[in-house]
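Following this line, the structures themselves.
In the two complexes below, subunit A is the common chain; its partner is subunit B in one and subunit C in the other.
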Partner chain A sequence: MSIIEIKSLSVDYALGQNGVLHALRNVNLEVNAGESIAIVGESGCGKSTFASSLVKLLALNSKAAGQVLIDGNDVLAMTNRELEAIRGVKAGTIFQDPAASLNPVFSVKEQIEETITAHLKVRDKVELKQRAIKLLEETGIKETQRVYEAYPHQLSGGQQQRVMTAIALSCSPKILIADEPTTALDVTVQAQIIALLKRLKKERNLTLILITHDLHLALDLCARIIVMYAGEVVEDAEIKSETDSKHPYTRALFEIIPDINEDRHEFSVIPGEVPELKTVMNECYFRNRCVKAGKKCSESHPEMENGVRCFYPYTKGRLKA
Partner chain B sequence: MKQYILKRLLLIIPVLIGITVITFAIVHLTPGGFVRSNMEMNVKVSPDSMERLKVLYGLDRPLYEQYFKWLWRFVRFDFGESFIDNRPVLDKVLERLPATLLLNIVSLTVIFFLGIIIGVTSALKRNSFYDRFMTLFTFIGYSVPAFWLALILMMVFAVKWPILPVSGITSFNFDMMSAGEQALDVMWHLILPVFITAFGGLAYISRYVKSSMIESLTQQYTIAAYAKGLPENRIIYKNALKNSLLPVITLLGLSLPGLIGGSFIFETIFAWPGMGRLAYESAMTFDYPVIMGTVTMAAFLTLLGNLIADISYALVDPRIRYR
Partner chain C sequence: MLKVTGLKKVFRVEKMFGAGKTEIAAIDGVSFEAKEGSILAIVGESGSGKTTIARCLAGIETPDGGEMVYNGNKLEFDTKEKRAAVQYVFQDTFGSLNPRMKIRDAIAEPIEFHFGKKSADLRTSVDACLESVGIKAETGNKYPHELSGGQRQRVVIARALSMNPRLLIADEPVSSLDVSVQAQILSLFQKLNREKGISIIFITHDLRIVKSLAHDIIVLKNGKIEERGGVADVYREPKSPYTRLLLSSIPGNQAGSEKIHGS
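Moving on, here comes the complex of A and B:
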């Protein structure tokens, strides 16, 4: 059975006088327990909105339609009370900037233990400490005793993200949502956090939902890649390399990864930018930036077919069409 | 931290000396002076005896000599005697202090208690009717002159419908009451003055609390707290509130000197026997020792208030550590 099932999810943001922004449009997705998926795309393609709608952490000016089923229960229809029982218990979340995600005036001890107390009703101090220390050890923290008593600002960025991960996993959720978990960290620390996520995924048999703009990271951690563009899923497939992908946008994302062996002196980019989604148009939203755009692309909007939303997809296994 | 506190306490000394020099210079350079303003119009006092009076109080000596004489007594905690009734300045201050302390402690408590509640609830319901109403209400309190409002309310609640006392801190028959009745009597006299000071001070604190509460509610750590599945009440009243109360500590430190300073206009209107009136009376009669005494004490408490605010800041916010 699928642990997450998303049925025609749409999220709009009301912008006051500037109308409505369609951040997510008709997203359908099924994720099996233990599976790892990566949501990939540029800024503004809707991937963060997607991450927040999984546990209904949406902004106040947003309106969501459709269904997000976790273990068969619709998260979007839940009351605050019911949501509290889902968040942290069924799905833990780690965020982009660990320094901002930890409350500056509470110690690590308090921030781990309050979560355990809230969900598992553990109040015994000795037991709370045992659990917290064990979680810190599990997330690879060396000086557990010092970190346990420390305040967030006394920790390095890597330690902060490990603490966030320990908090997210404190009530043993089956799903871990990682929203750009390495973006705010420097490269060596990034590698450590990726290794940590890999190990935890295996040890705890987690369903990992990774949100990232880094295709490399996505390929490294997840077998299934979901590419989003302009609030829609444009490709949903098991991708290991460029030739596995069919959508021109996915191929373009591969093309812009710098290659150390190549003799190039400039970064390549995808020309243009993600369109602002204020009106629904009957055309392909990527067509202006697409190398394969044809007549059909400006006449109607493509639907998902065989895991790709394109009229002129690449053939799997071949580099050129 | 201990070293820091010691350093700050030692720093108070030069600042305090500076304040006393300036105050001393201003009160002595003011035209008139103690002897002239109190005796000149009196036909029974001869110019000769006025000179003798000057010599008696040491007012014929050069200013710097007078200042050092005052300072020498002050460092031994001797504020001198009043020129007017020859009583020790300390006695006169201690006699007036309780009334001012009582009024200010009660109204500061009311201001901070209601201000924090209004600030937090407005932040939670921002842009609602309640929020707008509270903003309007507190700003009216802030803008209306306290003396005017005091007179209006006195007229309405003490003259037209005499349900509250007009002024003073006790009733005429206070001495004949039992202890319980006396406490009630003082509370009854406190209602109007506390209401007026609190009404004026609410805007200040509630605006601060509201804006810092809105700020902490929109921070990433608040979103993370929701993602952890904490109960909403805990997120708002513990995690976010602790962050938003940090600026309140500064405000509390800054209001400490007001605790003993008292307000001259206010105390005059309500015939409140407090420090504000003592300072005013001493200024009008050029009672130099009393002026110096009240100013120095207020200055010392201001400096101490700042220090206490800085220290409690470090105690609440772990990111701040002083060296």
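Moving on, here comes the complex of A and C:
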């Protein structure tokens, strides 16, 4: 059974006299319990708006249409009070910058325990401490007692991200949303956090929603890759390597990553930029940057078909000629 | 050729409540060479001293010991010509440009100051400068906030190039940029190195980029060099365990198999 079901979700941002920005357009998605999906794409493709709409953390100038069903209940129709039973409880979130997500004037102890008290109504101090310490241990923190009493600035970036993860998991959510969880961290720390997410996913049978622009990170953690472009899903498939992908945009994203197995070589580039999301056009939005663009692409807008939104998709297995 | 021997920089940090000062060696006896017209990558984690080396090379910090020699001459910064010869591209593109100055003026200012160019002559130089990094001349009339991150980084690179530097130092120039924009900027560095023969010192923590971009690599840890050599050699056979750890930390790198521990 699907734990998350998204039906024709669109999110618009009102920009005053600058018009309306269509950040998400008609997104349809079903995620099964225990599945891991990665949302990839360039900046401005709607990845983060997507993540925020899962728990209705949208900006005030936004307008959402469609449905986001978590366990069959529409999150977008909920009041703030009702959302308390979703945020943190059913879906925990880890954000990109741990230093900005933790409150600098409260200790780790207070921040973990506050979440547990607020959602699970646990007030017994001994029990709270037990739970917090157990969470810190689970997220791989060595000096649990010191970290438990510490303030965020006394911790390293990696420790802060582990604490964030502990808070996100404190109410045992089934879904974990990780929005660029490693971008702000050092390489070796990145690898540690990836290993941690992998372990937690397995141990807790989490449904992981990973938002990233790092395709390699996505492939490492998730079997199913959702590629977004200009507010739309353009490919939704099980992808293990470049040859599995069908959309020219997905292939281009693979191409621009420097190849670690090759010596000095030319960098591939996707020409141009993501188009402004203000107008709705009857054409393929990727057309101008696409190597495969043909006649049809300027005449009508492609629909999702067999997991890909393209008139001239690549066939699986063959590399770019 | 740039030759650095025994470079040292110590920061004196004040302890709390007047308990005296404690000394931290940010770089501790670093020696390396960068060949003329090559790209040298300096890698390492936060706090390893990457940026301190770069700041010493650009004359922003004064080293506490050691020597920096460029083509037989000591690297000094006592005249404006000498200062112009080493240019620096910072990570934060927004912080590198004055928000109240048009792009055109931001580029014109150093050209006017260093080369004394005026009016029409200055205008042509600025346009040529912008075009050399793939920015249209009319974009010069915009303010920094009107440009994208990638465009701003191009402008900053254009400004650095306008000084005809012998050495270009790029300190994490693509870390804050999107994947596709990263590729565009890296390809620009590649072009500058190949076509103009500019020597580049490229500071990064992304080892995937280094492999495709640089000729030589220095791996830094706690202010000391862990390993140095040609990029291909170091990636094929890393000698130091720390380099192996860094290489195995790259997501999707099958070559590295070392387990990662610790919190």
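In the analysis below, the second predicted complex is superposed on the first by the 314 of 321 C-alpha atoms of A that agree within 3 Å, B and C clash if a C-alpha of one lies under 4 Å from a C-alpha of the other, contacts with A are read in each partner's own complex, and residues count from 1 in each chain.
The working rule: contacts are C-beta pairs under 8 Å (C-beta built on N, C-alpha and C of every residue); 3 or more make two chains touch, one makes a residue touch a chain.
Computed from a predicted model, the values in this text were never measured in an experiment.
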Next on the checklist: By residue count, which of the two partners contacts subunit A more extensively, subunit B or subunit C?
Outcome noted: C
Checklist entry - A:280 contacts which: subunit B (first), subunit C (second), both, neither? => result neither
Checklist entry - Given the touch rule stated above, what does A:217 touch, subunit B (first), subunit C (second), both, or neither? => result second
Checklist entry - So, does A:126 touch the first partner subunit B, the second partner subunit C, both, or neither? => result neither
Next on the checklist: Does any part of subunit A touch subunit B in one structure and subunit C in the other, and if so which residues?
Outcome noted: none
Checklist outcome for this item: In the complex, the residues of subunit B that touch subunit A are 219-221, 223-232, 234, 239, 242-243, 246, 316-319
Item to check | Touch list for subunit C against partner subunit A, complex | outcome: 45-46, 148, 150, 178-184, 186-187, 190, 205-209, 211-215, 231-232, 235, 245-246, 248-253, 255, 260, 262-263
Checklist outcome for this item: Residue set of subunit A touching subunit C in the complex reads 42-43, 140-142, 157-159, 162, 186-192, 194-195, 213-217, 219-220, 252-253, 256-270, 273
Checklist entry - Considering the complex alone, what residue numbers of subunit A touch subunit B? => result 55, 57, 80, 83-89, 92-93, 95, 97, 100-107, 114-115, 118-119, 151, 153, 164, 167-168, 171
